[in-house]
Amino acid sequence: MTLEDFQRRLRDFADERDWQQFHTPKNLAMALAGEAGELLELFQWLTPEQSAQVTRDPSTGENVRYELADVLAYLLRLADVLEIDLMAALDEKMTLNAAKYPVELAKGNARKYDQLGQEDQ
Amino acid sequence: MTLEDFQRRLRDFADERDWQQFHTPKNLAMALAGEAGELLELFQWLTPEQSAQVTRDPSTGENVRYELADVLAYLLRLADVLEIDLMAALDEKMTLNAAKYPVELAKGNARKYDQLGQEDQ
Amino acid sequence: MTLEDFQRRLRDFADERDWQQFHTPKNLAMALAGEAGELLELFQWLTPEQSAQVTRDPSTGENVRYELADVLAYLLRLADVLEIDLMAALDEKMTLNAAKYPVELAKGNARKYDQLGQEDQ
Amino acid sequence: MTLEDFQRRLRDFADERDWQQFHTPKNLAMALAGEAGELLELFQWLTPEQSAQVTRDPSTGENVRYELADVLAYLLRLADVLEIDLMAALDEKMTLNAAKYPVELAKGNARKYDQLGQEDQ
């Protein structure tokens, strides 16, 4: 299955339930952010180390898996209703990021691109 | 390109910059939610109708495209470090949702599954 | 009761449960954003008009009230552990915003301050 | 100044700019979540220890202060347009939480109330 296949399934799912009326880009952006918020709640009290092992507990692991699936579902729906090609967008964005974060400046630090190299000045 | 291809490219991108240290699941979940928040900001003052035409303005349209790309990037990274198969997770979740939201009950309303059919009781 | 009173109560509540260990600024920022996400979920499928009447339904109204309370609780905790005076910060920010959004330019439009007046140029 | 004073100032600020039209509860919930997302971005790559010292850097400290102010501003606006008494809501919620999280069960762990005491069973 490709992303387009999932987009078609999700579109059909919405159509059958007459949910297209709710699926404005604005509402889908909210739904996506709501799912991202649920994902946060699974990680908020964990140490970095605990977060790396979150899938070892079957119940929490399943929760994380399904939250990721929910985020993906709304992301695909939103791209579908806006007719945005997600993969092409990501490809472009990665090219931009490679220019914004040159290896020699970005290596080992997490500063934003507009603050890279500031310590050296 | 497949999602796995993008995951490999994103992993290499992080490796080259020694960013794996920052990419704990906890941090990636925060970054994903942060990007979802930026997406919200593009839609927050729009009417539903305006939100449906958001890509007509080239500058806003590009912003939306890149925010979707950012969300996808962090979603792919998070799934990668947790070794979660996103497509399999979505496939499962859609099967669950089909059971939770039967067409005859869910049609035309946006209630949560645990409140479906309440008006009829 | 003042905000400081609530901050003291929330601090005592955390102390008694030995929760200070979880209440790093990072974790509290996540918890705040998680609650904001739950708030979104209450509004995501509503029309603007429905959202204005959300408190008419007692059950939804209560949910909204408690989500606002949760956001306030984490906001107060976060300001407390960072020793930030929330009211002073808001006072300053409002002065800044008055300068960024002069009435004659901002009137009736929701553009960001750095795009104000662009149509006139 | 009290919260009500700030709510009046924020209402006047919106009135003068003819922004009431944008300030539906739905839109304000999005704006609040958007600001929470910006807050996340300030913390996402920090270790727990770094996050505790985030105000030591004057520039980051100011950013954090203003993000907290922004969250408070939208929280106050939202409560204002919905005519919700934030302090009363928080007072009630804290009473509920005291019952949901009894000290003897919640002490030293961050489990959700519906999972408290599970290890003992």
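Each chain gets a letter, A, B, C and D, in the order it is written, and its residues are counted from 1.
The definition used in the following text is that contacts are C-beta pairs under 8 Å (C-beta built on N, C-alpha and C of every residue); 3 or more make two chains touch, one makes a residue touch a chain.
Each chain and its UniProt protein: A, B, C, D = Nucleotide pyrophosphohydrolase.
In this text the structure is predicted, and so the values were computed from the model without any measurement.
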item: Numbering shared by both copies at the subunit C-subunit B contact, with half separating same from different; value: same
item: When subunit A is superposed on subunit B by its C-alpha atoms, the rotation angle in degrees, nearest 5; value: 180
item: Cα-centroid distance, subunit A relative to subunit B, in whole angstrom; value: 4
item: Subunit A and subunit D, separation of their C-alpha mean positions in angstrom; value: 23
item: For subunit A, residues that touch 2 or more chains besides their own; value: 22, 27, 30, 33, 36-37, 40, 43, 45, 48, 110
item: Sites on subunit B touched by subunit A in the complex; value: 1, 3, 6, 9-10, 13, 16-19, 21-22, 24-27, 29-30, 32-33, 36-37, 39-40, 42-43, 46, 48, 51-52, 54-55, 64-66, 68-73, 75, 78-79, 81-84, 86-87, 89-94, 96-98, 101, 103, 106-108, 110
item: Footprint of subunit A on subunit D - complex, ascending; value: 30, 33, 37, 45, 47-48, 110
item: Residue ranges of subunit C in contact with subunit A within the complex; value: 22, 27, 30-31, 33-38, 40-41, 43-45
